[in-house]
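Both of the next two complexes hold subunit A, though its partner changes from subunit B to subunit C.
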Partner chain A sequence: MRLPPRQAKARRTAAVDRTQTLLLAPGLVLLFGVFMAPLCITLRYSLNRFIAGGSQETAFVLDNYARFILDPYYAAILLRTLALGSGVALVTLLLGYPLAYAIARGRSRWRALLIAATLIPLMTNVVVRSYGWMILLSNSGVIEDALAELGLPRVKLLYTMTGVVLSLTQVMMPFMVLTLVGVLQNISGDLEDAACGLGAGRWRVFRDVLLPLSLPGIVAGSFLVFALTISAFATPRLVGGASVEVMATMIYDQVLNALNWPFASATSIILLVIVLALMIVQGRLLRTRADTPKPAA
Partner chain B sequence: MIGPISHLSVLRRRPAEASPVGNALSGPFKVTSPCLEFAVCSPSAVESEQGARSVSDKSDLLTNNQKRIDLAFGRGYAHNAWDSGQRFTMMVEESGLSNSVSTRNLMRRHTSCNLGLVPERFGFMARTQNDRRLLPGGFRETAMAMIRPRRWHRSGVSDGPTMPIDVELRRISKRFGIGVVAVEDFSLRIAPGELVSLLGPSGCGKTTMLRIIAGFAMPDAGSVMFGGKDITDEPPNRRDVGMLFQSYALFPHMTVEANVAYGLRMRSVSKLEMRQRVHQVLEQVRLTGTGQRYPRQLSGGQQQRVALARAIVIRPSALLLDEPLSNLDAKLRQEMRGEIRQIQQTLGITTIFVTHDQEEALTMSDRVVVMNRGRVEQAGAPPEVYRTPKSLFVAHFIGEANIFHGSVLGRTERGTQLFALDDLRLEIEETPAVHATAAILIRPERVQVFVPADPRGQAYSNHFPGTIEAAFYLGPSVGLRVRIAANVLLHVTLPSESSDDTFSNFVPREGDAVTVAWQASASRVIPSP
Partner chain C sequence: MHAPRQRRWWHQLKPIVWLWWSMIGVIVLFLLAPIIVVVIGSFSDQAYLVFPPQGLSLRWYVQAVSSRDFRDSTLISLELGVLAALLSTIIGIVTALGIAARQRPAADMLMGLVSAPLLVPGIVVGIAMLFYFTDIGVGSTFASLVLAHTVLTLPYVVRSVLAGLETVDRTVEEAAHSLGASRFSVITTVTLPMIRGSVLAGAVFAFIISFDEVIVTLFLASPRVTTLPVRMYNYIAYTSDPSIAAISTLMIVATVTLVLVIDRYVGFARLF
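The block that comes next holds the complex of A and B.
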């Protein structure tokens, strides 16, 4: 039997709605069951009271947060983590920008090579890479020996902040570069030529055209690298050892060694809040930029 | 006394020479690009509000032994200069300033002005120019002027009054990769103030040529000369060219005003002058009032005018236009053609225009350079290129063409020659060697069409019966395809409304029998390569 057109349409729409819901379902289940629920549990744990020996007592207290905030030891860890994030973001930005520019503007053959060089590290497990860095940075490792050969003083790199920044820079570089490439590719080379033709030298072209137009990429890349760095665990643990304790390694120690789950939960929540706050700030920054005129088609 | 000077500039003074300008000038002079920026001592201008503002704007640059000199700012042509140790004076034809400048007062009151110490890394440039065509309004008064120490910009681009210069391209070649020829042995001289278009199909090397002139691409061989000076190795930011890009390339993050002012900022023009010039140029391109908007808030045509304003506000030695009209709709394109041409004529800028649109090239240019595969096929005034194409390529590329290959048989008693085209015998006027194979060109609009019975057709030296195979209405004209022999299809263009009655009351229809006719003089023999 044929339905009048309107009913047929309604039926089709309903079918589409049903299909959409079904398609969304696995993702939603995963999001809520595997991510949101544990997060809620973590939040709940963070309000519990820790009992020495590894168990916890159900409570609604802010002791764990207070402990983190009031003890200068943890404040130092927080600051170190933030400094690490900023440092890695800055170094990847400074090193990644020229690379991203070369990829975005380069001729096809070089381009493919550079992109491959950028992406290949992503395909290696971060633990493997960190062990690699340990070998490179270790006492009488490749780097130290090379420095010694050149007659330079030996620098201790393994288990130092410098070493962690160095290896994390390598780990984070692809994220920065790929973000920047996306933005730089959308800036027409004509704009640079135009500025140059009007009398601007290389530096002015960069300052007046490239920099302001690639700012969204710089912001996005830096925030991404920052967020990934402050939550990085494997590299700080392996390369930094016990002497470069950051938030992630501290949480790990609290969970597995001190068995202080409530405190570990509180610390995790604090880290999460920082990252969320940054995401909001970044969103704001990019939105205000989006309000200013976009490049004409 | 130094003078009459031809080119003069104090470039950069070494610390050891940190002395008053007068002494610095006694050193060797170096010929540089045309530029003159000077301050006119003008009491009357200072009394006016504008003058006062310009003085306060620049007073930090110019002091005379801590005593302020009354100055207004302008530009013009210096034609005499002398140096008396402490003083440097030049005679200048004033051109840019308002009429309130009283030159006689200037001479009386300020002949003894000194310039203060010129700070390190500052310099000034001057140049005489006998060409007076560009002075607006026939303003011819002679003013006593003093040279203002002009901030020497890092990039060293000059910012002078528009003085047309010639652009010469000498045997330029450029290849991309292995064996891909973009430009091959390209030579061309563009006269000062001339508008030359480079016309050709895509991939003929015209845009590459333009990029070489602008400095964005380096030629493999050959040289680019601006005003007799070899600038092949100069980077684009020192070439002093204004370029209009096909994509307009407006800075999306800057307002219209900031876009236009960008080149002036790079030249360290004073804020006041920048404002005036930006305002003036926006007026010139009819964009007054859009200064605070962003490029994306403008229509395509407006964006293009901003790009044009940005290119001309710096008063470049040469203006380069890269297919500037291709992104506009047909109506706007027509309008902009006239506008660009008019502005170019007013400013007298040497201009190179790249296009693939033959109509654009013909309507706008003083000279058309037809390019094919990186080479110049033909260069000449638009009528010359259209009427007497030197090669088949040019004949085909410009306008519609009937081109027939055949052989020349010999003379007729009327002083024309006979041309064999299959079984047809055509009378042609030009005289290549007898029996030579040749190609002839007949433009469609030179052919007349008559109804078969019309006796007037017989008066033409060539007249053939034919059949209309296709007819299409084009508005002002009607296009016909008339078959006059098995292998010969003639393209004909007729005015759709004719004032004479050649084709009156006859609406050409497919299948109609007609007589096509043309004079021997309507055909051109195209030299074979």
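The block that comes next holds the complex of A and C.
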């Protein structure tokens, strides 16, 4: 049977539409079945009541959230986690900016070497890197010995906040550097030369030209590193031990040692909400900047 | 007056340039320090790891390679990586084709959904999956690990394939279609061959992400089914002999080789 052309076309479009929807099916089934569903269960568990001994009672209470925020012990963990995130974001920015600049402006061979120096740590497993830091920071390790050689007092680094900041800075720096390189590469070197030619010193070129133009990269890199740091588990656990408890290590202990699944769920949801809020704020910040009209020269 | 001595090139650098490159050198050293320490420490002849090592030996390599636990975990990591990469590549190609066929707002929303596993902290995904697989009665098995790793690697494949699809000249597909090829054969004989580089890059990246994954796996692993990084994590948490440094060094060598091979054949621009 031949259909009039218009009807045939409509039928074909419908068929294409159905195929296209079918194409999305496997991915959506996987995402809802193995990702969204687990998150929903976690959200549900967070409202349950914990029964001593490791089981839970179905309920609709906010006790677990209240406990995390009101109990000074857990509030301190929340603050410590946020402080760690800010500290690591700041130090990766201070150390990552010069390296990113050197990569963005470097000649080909140096550039390749510096990129390799950034990528090799990124691709080395985080357990291996944390292990390296455990050796470096240990009692009478190289860093402590070097400090003693210089006549400085021996400071304990392993299982301290300082040690965790130091090692997480190394773990997160590649993310900062790669984000900044992306932005710095798009800033023409001619702008710096022009500023220099007009008599600006190095510091002024940096402050008045480079810094404002690279601000989107600074914001994106800092938010990314902050979000990754407050979610980090392996490094704080291995380098910080039991003495530097952060949200991730606390969640782990609640699930596997205290068997308090409702409380672990509530803490996880809080962590998730913080990370998502950060992403939204970052999106807003970057969009507002992009929308602001550039001042006329 | 003495004649000026022959000046080397670094004598001509201004102090500020010197200062700048020393600073870059220190930052690079900081980035590589833990890796250098592990590699050098792995050749130690001591029973516990000190840096720098007093004497050199290969005994920890012998012990690491002959350890049954580590061999089993390496095999599990490889099997898991290959299976997860295969599954997420197949599903990823199909999903990317589905997203590419959509218009702007819907496509962006779908992409956001696919990328969601990257936004959610690993520890949260880990406990959520533990609760879920326990709840539905599957428990911590190899199958749950494969499913978890497939979800976690899917975003990388979809991104890579979508990037490839953007470079494809759509008129070629239309031409094949108007010459009588079915939608399915257009995809398999025209589209896929044109984007095979992106598909391969996505698959390799999926394997790397799976092989590297620690935190979600930590929750789903059982004593019998444990991946290499999780085995190493557990080992480090309780013992400190340098055999773990030997295994780490082998992993680092594999990583560096992979970095060089990918850069040679695929190019990093594709991955970042």
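In this section, the second predicted complex is superposed on the first by the 265 of 297 C-alpha atoms of A that agree within 3 Å, B and C clash if a C-alpha of one lies under 4 Å from a C-alpha of the other, contacts with A are read in each partner's own complex, and residues count from 1 in each chain.
Basically, a contact is a pair of C-beta atoms (placed from the backbone, for glycine too) under 8 Å apart; a residue touches a chain by one contact, two chains touch by 3 or more.
Here the structure is a predicted model, which is why all the values come from computation and not from measurement.
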{"item": "When subunit B and subunit C are modelled together on subunit A, clash or fit", "value": "fit"}
{"item": "First, second, both or neither for A:42, with subunit B first and subunit C second", "value": "second"}
{"item": "Partner contacting more residues of subunit A (subunit B vs subunit C)", "value": "C"}
{"item": "Which superposed partner A:195 touches (first subunit B, second subunit C, both, neither)", "value": "first"}
{"item": "Superposition-derived angle with apex at the Cα centre of subunit A and sides reaching subunit B and subunit C, degrees in steps of 10", "value": "100"}
{"item": "Partner chain(s) touched by A:204 [first = subunit B, second = subunit C, both, neither]", "value": "first"}
{"item": "Touched partner set for A:129, first subunit B, second subunit C, both or neither", "value": "second"}
{"item": "Which of subunit B and subunit C A:119 touches, first, second, both or neither", "value": "second"}
{"item": "Contacts of A:23 with subunit B and subunit C, given as first, second, both or neither", "value": "second"}
{"item": "Minimal inter-chain CA distance - subunit C and subunit B, angstrom", "value": "11"}
{"item": "Subunit B-facing residues of subunit A, complex", "value": "188, 190-191, 193-201, 204, 208-209, 212-213, 292-296"}
{"item": "Residues on subunit C engaged by subunit A in the complex (per definition of touch)", "value": "16, 20, 23-24, 27-28, 30-38, 41, 49-52, 90-92, 94-95, 97-99, 101-102, 110, 113-114, 116-117, 119-125, 127-132, 135, 147-148, 150-151, 154, 158, 183, 208, 212, 214-215, 218-219, 229, 232-233, 236-237, 244-245, 248, 251-252, 255-256, 258-259, 268, 272"}
{"item": "Touching residues on subunit A, where the partner in the complex is subunit C", "value": "16, 19-21, 23-24, 26-28, 30-31, 34-35, 37-39, 41-42, 45, 95, 98-99, 102, 114-121, 123-136, 140-142, 167, 170, 173-174, 178, 202, 227, 230-231, 233-234, 237-238, 248, 251-252, 255, 261, 264-265, 268-269, 271-272, 275-276, 279"}
{"item": "Residues of subunit B touching subunit A in the complex", "value": "153-155, 157, 214-216, 235-243, 245, 247-253, 262-263, 266-267, 294-297, 303, 310, 314"}
